[in-house]
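All chains are identified by letter, namely A, B, C and D, in their written order; residue positions are counted from 1 within each chain.
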Amino acid sequence: MELAIVGLGRMGGNMVKRLLRDGHRVVAYNRSPGPVREAEAAGAIGAYSLEEVVERLSPPRVVWLMVPAGEPTEQMVERFAALLGSGDILIDGGNSYWKDSVRRAEWLRERGIQFLDVGTSGGIWGLELGYCLMIGGEEAAFRIVEPAFRTLAPENGYRHVGPSGAGHFAKMVHNGIEYGLMQAYAEGFEILQASPYKYDLSGLANLWNHGSVIRSWLLELAERAFRRDPRLESIRGYVEDSGEGRWTVLTAIEEDVPAPVITLSLQMRFRSRQADSFAAKVAAALRREFGGHAVVTAETTHDEDT
Amino acid sequence: MELAIVGLGRMGGNMVKRLLRDGHRVVAYNRSPGPVREAEAAGAIGAYSLEEVVERLSPPRVVWLMVPAGEPTEQMVERFAALLGSGDILIDGGNSYWKDSVRRAEWLRERGIQFLDVGTSGGIWGLELGYCLMIGGEEAAFRIVEPAFRTLAPENGYRHVGPSGAGHFAKMVHNGIEYGLMQAYAEGFEILQASPYKYDLSGLANLWNHGSVIRSWLLELAERAFRRDPRLESIRGYVEDSGEGRWTVLTAIEEDVPAPVITLSLQMRFRSRQADSFAAKVAAALRREFGGHAVVTAETTHDEDT
Amino acid sequence: MELAIVGLGRMGGNMVKRLLRDGHRVVAYNRSPGPVREAEAAGAIGAYSLEEVVERLSPPRVVWLMVPAGEPTEQMVERFAALLGSGDILIDGGNSYWKDSVRRAEWLRERGIQFLDVGTSGGIWGLELGYCLMIGGEEAAFRIVEPAFRTLAPENGYRHVGPSGAGHFAKMVHNGIEYGLMQAYAEGFEILQASPYKYDLSGLANLWNHGSVIRSWLLELAERAFRRDPRLESIRGYVEDSGEGRWTVLTAIEEDVPAPVITLSLQMRFRSRQADSFAAKVAAALRREFGGHAVVTAETTHDEDT
Amino acid sequence: MELAIVGLGRMGGNMVKRLLRDGHRVVAYNRSPGPVREAEAAGAIGAYSLEEVVERLSPPRVVWLMVPAGEPTEQMVERFAALLGSGDILIDGGNSYWKDSVRRAEWLRERGIQFLDVGTSGGIWGLELGYCLMIGGEEAAFRIVEPAFRTLAPENGYRHVGPSGAGHFAKMVHNGIEYGLMQAYAEGFEILQASPYKYDLSGLANLWNHGSVIRSWLLELAERAFRRDPRLESIRGYVEDSGEGRWTVLTAIEEDVPAPVITLSLQMRFRSRQADSFAAKVAAALRREFGGHAVVTAETTHDEDT
């Protein structure tokens, strides 16, 4: 089929390749022209403005956004709303907040434009293995884009999961679960690493992936990470987060649903980014006040206390 | 090779079958004789006393215990210590506490008997798919039993992971991680289930297993569970635990390692088994005391408050 | 001084009494007229419409709202914005979200009206003991209302804590801390109650309030609650929340600050309100899938499993 | 009355002073002789060996241990068991594990010696304000020592709470609660400190202590700490723990009681003592594996990432 990919970053660029490889006609656009030229070299039809994107497609046009969530996506939606026509389809494949997607779908619907929110998982492995696609929006629009979904996903790896917002909601929860899974493995490996046994963590991860209850793709990745650096000495325990975990917690709170593990996983990431903890300072100060317990002063160097 | 399986419950019985199927000579013992006769019918050599177990094996004898952790295992170790001779090998394939295994290994070593602690994962699927085996103890004893390990495990599914106790320690942490993974998925599915979207949870689990970052065997099992009962209406949220999660938390505390996600997963299981929470009563009582807030009385029927 | 109290519920009504008792001239308004008549009987000047409220005050008018947060407060702010004049002061003494207070202060400032956000703690005890008042807004407005603050609070119990929003922000965090304190005591009492020792919980609470590190007003209230009902048999462990705990968690997440104890305290309240836990169902279902473990079925009556 | 204090550290030394001040006859012993001489100068009867302790008392002798929990207490109990006679009373006023106290009470009972386990709270403030005493053991022994309890405690500050072990169990839970309270306040102050409002934290703690729901002695101490160092810049967020919090968690797990807030408070202390988190390294490594996300390398200096 024919569609445009807008945003040729790590994800968008790979998706163009995967689509071209399967014979689709792909219009490729990026804010900076370099990646467009690369895409052209790979067989895509380059577009150097949003107007060109629309011109190079025939109705019903399918435009797939792969730009950062928040303002960049908001602006793209607004600009394409002015350029696309009735019956055209706009897809947001980024990590947008599901309530934004509900709002955008409604706003575009009033303008005759169909909207699909597509939660996309797979990371840098998607090019080779395919992306898992959770798709929200109208069934009719889903059917039109299905040939592209089939190409981008592995077998059984795409699905229409509900009305507008349902795709990004599912992706949000997916990432919340992901935080919890990562933290569970991480705690387990720390307990192993702190034990008297000098475990080969890569070997153990490999072993567990053969027949144990906890086998998973993340555990395969853990095996790779430990094989490369058995005690992870080259990296710091500094863990970013990209928003979906926060939204999962907020959504759980709005639903009155307890989600302690997902929440703690997020908060331990916050803690990992603090050089020192103000809360811990307060606790240390209180212990000094009531018990006369010694505190570690700010001047103490890092090595003394470990 | 030749070995005895002592304890023909769900796990032990299946292991006998898997060993026989691959041509091993298996002596089978169980406290009650019924499962022994079944094993005989399947090709095993029955033994109706521990003495018979030892008589039917030739040195170096290999006796593999598959009995419940705690007292039953303790008694079996003591009784076999009196029956086995120098160079014989006793294996504990149950879910024993790793410190017990360290102690037993030392105690048996003084008696000339070798001990292997084998953490065994795979559940009821082990018969078909093989068991993941985490093996602690002397390398020499491991080598002797390796043909049986190779049969019981799937390819690459067994490994000598360290000295005595290392097998059960690894299994303990494995189960701690398992608790965390299960709770992470469980919270995610609850957030989905409480959402305005009427997700097909089985379909979503299936989808996530094709290309997403959170694909895993547990998620495949979740898909099966939701396929059978889409909203889990037939079961209660009552979750048992079998000890390893507790030990993981205790070990983490002994190591000064924070393990919030594993700990919370255990504690939410405790909570699931409480018809009412005394702590919540205290909180409700305090709210009434300071704010005059209404409490739900004990007489209120269950349905009114939900 | 002279001021109006708008909203004569449990808090507002008591505040009127406390103000009258100290000789202030109080205009009292309530949506339904009953409480206005009661206030009149106690010495207040009744007002039966917002217009009357404004008429009965002389500039600079001080109008103190004690109405529920959210829509009711929003509407009152809008209506008084139309009635009050330049230099008048509007106070929100309810539990509003601090970002709403920042917004309202700015909006009123454009209309020449000063705004104070006053976090108010003390519950039903405030009438007798005084209310703790955390006050945000302009210093000048604070000075004008200070005589009323002095009356309403116990000695040293009111304070200008910062610009607009700072009062409600402080009150929000106050309540988040409160959730954590309550949960900490509640868990401790549950551990005592589940112990082999048949503790007199009221006596222990009383004891701890004399010289121990954990003495506090909440612990005094716990003593009262246990004295009345030693095992809290008359009430259910069903704990409501009124918003500030949620906002505290959201704010912590916005700040990238880990707040595990406050968060868990909120989430255990959510859990207390669930007759059954969907997450626990998922965990139970997974255990059955991999281990063949029995589940408790939905038909099982409540008593059997405890 | 007449009694011996064994162990003249910060707690024991102050207790001697408080007892002398109230007219009791106090025999004072310490492993090193310096503190004994000090106690003699203050009016105590010095003892330079355990034998002298016993000789200087008349039956029924009362010996109160204030030595560190674990081995030091164990040895003292064993040595006094050999020196004391039938009807004498041995008191453990330290932070012993309650199960040890149950065991010691039984062991001493067989030797005719009575044992009291006395949980003692109050820290360095006890000298001035009195200690809160939670007393386990036989009622008869409690009655004999009551005059000393009355002196050491503030009014209503001592109580016989149950049979042997009940005193230390209550103290253990007291400290578990204390961890939770401290963490709740600590998180609250961190949320305030990270806010756009430049709160005077000492002033806010002072304010909350006048009429708010969260007023407490710990909050008074927080006020002192912030007055001395408004942003706690002089100290590090490094928080020790002294055992009771761990035992509270273990006991909760043995009781199948969820105690998330107490547990998390303990684990955040563990985290505060880690210069880097291995679990966080694992999470960062996994993010790199699946998403190509950048990691912070070990070489990055501390300042760059905050």
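Remarks
Following the convention adopted for this analysis, a contact is a pair of C-beta atoms (placed from the backbone, for glycine too) under 8 Å apart; a residue touches a chain by one contact, two chains touch by 3 or more.
Which protein is which chain? UniProt says A, B, C, D = Decarboxylating 6-phosphogluconate dehydrogenase.
These figures come from a predicted structure and were not determined experimentally.
Most remote chain with respect to chain B, judged by CA-atom centres, is C. Per-chain Cα centroids separate chain B from chain D by 38 Å. Chain centres here are Cα means. That of chain C falls 33 Å from that of chain D.
Annotation: 47 Å between the Cα-based centres of chain B and chain C. Residue numbers of chain D whose C-beta contacts span two or more other chains: 123, 183, 185, 187, 190, 194, 213, 218, 256-260, 264, 268, 271, 273-274, 277, 279, 290. Taken as a graph of touching chains, this assembly is complete, with every chain in contact with every other. On the chain C side of its complex with chain A, the touching residues are 213, 246, 249-250, 253, 256-260, 263-264, 266-268, 270-271, 273-274, 277, 279, 290. Residues 121-123, 126, 129-132, 134, 153-159, 161-163, 165-166, 169-170, 173-174, 176-181, 183-185, 187-188, 190-192, 194-195, 197-200, 203-204, 206-208, 210-219, 248, 251-252, 255-262, 264-265, 268 of chain D are the ones that touch chain C when the two sit in their complex. For chain A in complex with chain D, the residues that touch the partner chain are 10, 123-125, 182-183, 185-187, 189-190, 193-194, 218, 221-222, 224-225, 229, 232-240, 260, 264, 268-269, 271-293, 295-298, 300, 302-303, 305-306.
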